[in-house]
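Shared between the two complexes below is chain A, which has chain B as its partner in the first and chain C in the second.
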Partner chain A sequence: MDGMKREGAPMGHRVWNGLLQAAWRFYLLLIVVFLLFPALLVVVVSFDTASYMRFPPDGFTLRWYQTAFASETIRLAIYNSMIVAVVSTAASIALAVPAAIVIVRRRFPGRDALYTFLMSPIAVPWVVFGLALLYLWSAAGWNRGLTAIAIGHTVIGMPYVLRTCTAVLSHATPSCELAARTLGAGPWNTFRLVTLPMMKAGVIAGATFCLLISFINVPVPLFLTTSSSTTLQIAIFSYMFSNYDPGVAAIASFQLVIILLALYVAQRIANLREFIV
Partner chain B sequence: MTNDTSNTLDPSGPAPHGGDARHTLELQHVRHTFGDTVAVDDVSLTARRGEFLSLLGPSGCGKTTTLSMIAGFLNVTSGTIRIEGRRVEHLAPEKRNTGMVFQNYALFPHMSVFENVSFGLRMRHIKGEDANRRVREALRMVRIEDFADRRPNQLSGGQQQRVALARAMVIKPDLLLLDEPFGALDRQLRENMQQELKSLQRSVQLATVFVTHDQDEALSMSDRIAVMNHGNIEQIDAPSIIYEYPETIFVARFVGKSNLFEGTVVESGPTHSVMDSEVGRLILPALEQALVPGTTVQCLVRPENVRCVLAASPSARDEGSVCTAQGVIHNAVYRGGSSEAHIAIGKYLMLAQTAPDMDLHSLSASVAGSRTTGVEWNADDTRIYVNGRLCRWKQQQVH
Partner chain C sequence: MLSKSTAPVSMKSLTGPPKRLLVPVTAFLALFYLIPLALITLMSAGHPPSFSLGLELLNLAHYTKFLSSPYYLKVLLDTVLLGLIVALITAILAYPVAYFLVRSRSRYRGFIYFVTLIPMAVGMNMITLGWLIVLGRNGFVNTLLDSLGFIDQPLGLLYTWPAMVVGLVNVIFTFMVLPIAAVLKNVDPSLERAARNLGAGPVRTFLMVTLPLSAEGVAAGFLAVFMQTSGALVMPLLLGGTSNTVLSVSIWEQYAVANDRYFAAVLSLILLAAALSVLWLQLKISKSREVL
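Right, the complex of A and B next:
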């Protein structure tokens, strides 16, 4: 944006730049209206006094938060969601980081095939994947539950970490790692002190995606959940079937806060901007 | 790894690993293939203590592959590599105690200049005041001590290369490896860095292997140059020998400008030899090994040895000390420090390089219209090649 405001530009350019800026502002406005406003609506409603959802609100209360968090089901769901998110994100990183290094730094037959295979979950609709997991679990006679959900989220989230890690690593010159070797670092120290720090931004960006997916993905937990392994998104779902009060808005607002917090932290540690464009 | 495996600073000291004390680096019949491709065919070379050895050649000649095998990034298919007498060809790079500088600097982007330079010391478990002192010393040596806290991306290309050099030298390596380190710098800076590196290298007496495709760089910096082609060393000699007595046609073409033309042996005796060439009959000194009349030879004359003259000196020609020919100036180019002219002699275009204000301009003025000129060069400035290899003059003192 700053580049557009350079002084001394010819008249024609100035008019053109003004138009561009106006268009850009309009675009931002649309984003605010259609993306942020509905979410904001939910937050506003969650503080309303009425026992049904309405707009505009009339009054302010924290009652729905109290109700929601008093529920054993909701508390368990939040706890379960946290566990699944952390475990599946950690597993995604553990799988994607070595895969990214091998794919970017080594040349071997089947390298492109391996990359395509590992990225393929991104192309499978979540519902199809959730259903497929359900079939697999029943066919194998395994117990559904948190482990199954965590595995499902790992498969879905891993490609995001792989994508961001390969992107970052292919921009980092391999001679850095060779330099570390000549300076006396073995393969492990080279990975720990050079390769991994160079991939840091990619790992954090990918991990943030993973965390978010684990919080927003409905189909996988929908098919694999049991009464003791409800996650937050399923809890919101079932709450809406039986209740019409703003309690669901309170839970959703809480979910929103967690997601924004995760994004903020990630943004502080690593510059996410390069992945969002 | 011990803290200080190097005694390159003390040339009189014994070799630490019981090898040949004269050679810091010794490659014997080193070969590298991948699949059907032969990247390095058969390379043998040595570098003495403190010697600056360049590997010079066109891209794909195997020079970088050779360097990578010395550093340990690539395995040798066969052959041996010794550093300070110690067999290293099967050791990992981190066990070879070499310092390497890359063309793209390869600084760790997430570390400050200080951390970059201290990395090698950290890997050797040298810490605290000792490490600090050595890092400061190295930074001072390359004159970037004021930038210790900066990140690499806050430095210019030249400054980054200085950091890379400090990082490679602070560990006191047995051998410094340079992979086209100045390739990314502009010309002025490159020339400054070359001379700075050279004086630094000389002052610490550190054996250095320098990979480059830039002949000027190799000629101005090296103690010896190994000219490589197709995975083999064509010639390994001091720069002046490489330039003045190129062992093969390839070296003659690759290093410097050259006039190469074909000839046939008419007579090859103990006192002189006679050739019929594209530029006329040449009476030359006797060759070390007499050639059979009728043998096809290649003749080389460097452009700066060719003189343009108004009239040839017949006496000098007849006694065989000067080769002469008549030609027509095809074009003359002023190049500031020198002038160049292409002179058509028969069908051959000979390149002559002279002092700028001399022969060419005065000559083209005086012979205006005809542009005809005499051409001569000292007979013993001619080089004769049979089957691409140099035939030396009899009793020629090379060294």
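Right, the complex of A and C next:
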């Protein structure tokens, strides 16, 4: 482990330290391979000429990408997934940001209980919540579809925004807002010009989680989807069931690119590491 | 030039943001979270999915069906067992990675951090597909063993417990690393140095100082991994096959194949109860409420 603090290690331990360092590096390499290898194989297989998924590949072709993008179902699924992800993320922000401000800046009875309640959707397994939401839709006689999926994703994504926003805001001193108010700014301007900029990093980090969770969720849309409102993950899921050709690997590789881009952008504008590590 | 309207506002209005800002989120969760959970609870007790309450319809027949079925009791046991095994293995594998992320100044630190985020970010479908290719009949492992001359027939690696466990450990790794790292970050490295200076070896320092101080992170990671595992659907379905069913898969089968919505509701509540009892246990053990 290069660069680890080793001050004070006796000279006689040099060999031992060298071995330890080599073991560390080897272990980390193994973990990296373990974590990335399956996803990498999917990308490799997506370029294979064989008619079913296998390893090693026979040759190189872009045919599976062409077939995938030529499919009306896949194009619709990509479009639907993006709509649902953006709408549910926007809704999560709109719901969680005001709540975070009140929870951090005010003291009132039941505050802890309310926070626990607002965070509790995290503890409900997605399969259970998906089915429960479906039963609401049946009881109310509403039509399943993208609205239902977006609402479901808002419920499971909102707590992540709430958590990152409360974390950031509780480290920002209220005296800034107080100063703005005493200098004559109204509540809305104080929020817009003082509180929101202080929370910005929390909002972006929470929104990134929300987007990801919505984009990769299978169990919730599985119960709420219809043939015209299929999402990308549902399309991949049904493909894996019915077919074993590399077409599904091509679709999965495409979504991998989108996800990596989103992560990269989020990391650039808000240092995600501050929130999770 | 201060006019009257920009003069300092009264202290009363400076008490902070109005509490009515909490109304939208609370109402939203009440409608789309509490009511669905209430409906599924009623359905598990035999009530049809409807808003007109018929208390005379309530019965425990579907619960009796669950409790008197050795098959479903085994499914429950397997679900809990799978969660525990995956959480234990992930904890052991992820701890050193979390330690590295927090304590190392290596130039690979950013890269390793990015790598640990990837399984969570790419999701269950992609990782499942990857392990189908690794473990399939014509997959990576079988091809490798065959070309080395170790096997003549492809091994049946898929649809086994090890396949499920290895895939779940992969996809869920992030959920263990992050809470451990979050707690380790607050452990003062000078405590470890003090232990070393007082004559403790690296192993003893780790066992007596570092590990106890970061136990809360391990507990939080354990909980997160257990909940993710017990709620996972795609991976047990595709890597575990039909002979290694867990609750989430049974729920899906009862809904989509057997079309028994009431029994699906019973299984859902049992899964929810399992998840919540682990959460309760964790809250008892540590005060941390940070669950990813």
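Throughout what follows, the second predicted complex is superposed on the first by the 250 of 277 C-alpha atoms of A that agree within 3 Å, B and C clash if a C-alpha of one lies under 4 Å from a C-alpha of the other, contacts with A are read in each partner's own complex, and residues count from 1 in each chain.
Everything that follows uses one rule, which is that a residue touches a chain if its C-beta (ideal position, glycine included) is under 8 Å from a C-beta of that chain, and two chains touch if they have at least 3 such contacts.
What you are looking at is a predicted structure, and each value in this text was computed from that prediction instead of being measured.
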item	value
Which of chain B and chain C A:34 touches, first, second, both or neither	second
Chain B versus chain C as contact partner of A:181, first or second or both or neither	both
Touching partner for A:158 - first (chain B), second (chain C), both, neither	second
First, second, both or neither for A:83, with chain B first and chain C second	neither
Touch count on chain A, higher of chain B and chain C	C
Chain B versus chain C as contact partner of A:269, first or second or both or neither	neither
Which of chain B and chain C A:200 touches, first, second, both or neither	first
Which of chain B and chain C A:189 touches, first, second, both or neither	first
Those residues of chain A which chain B touches in one complex and chain C touches in the other	178, 181-182, 184, 187
Touch list for chain B against partner chain A, complex	1, 71-73, 92-94, 96-100, 102, 104, 106-110, 119-120, 123-124, 164, 167-168, 171, 177
Residues of chain C that touch chain A when the two form their complex	2, 5-9, 13-19, 21-22, 24-26, 28-29, 32-33, 35-37, 39-40, 43, 49-51, 93, 96-97, 100-108, 112-134, 136, 138-140, 143, 167, 170, 173, 178, 181-182, 185, 189, 193, 196-197, 202, 227, 230-231, 233-234, 238, 248, 251-252, 255, 261, 264-265, 268-269, 271-272, 275-276, 279, 289, 291-292
Of all residues in chain A, those that touch chain B in their complex	172-173, 175-176, 178-187, 189, 193-194, 197-198, 200
Of chain A, residues touching chain C in the complex	1-5, 7-8, 20, 24, 27-28, 31-32, 34-42, 45, 52-56, 94-96, 98-99, 101-103, 105-106, 108, 114, 116-119, 121-129, 131-133, 135-136, 138-140, 151-152, 154-155, 158, 162, 174, 178, 181-182, 184, 187, 191, 212, 215-219, 222-223, 233, 236-237, 240-241, 248-249, 252, 255-256, 259-260, 263, 272-273, 276-277
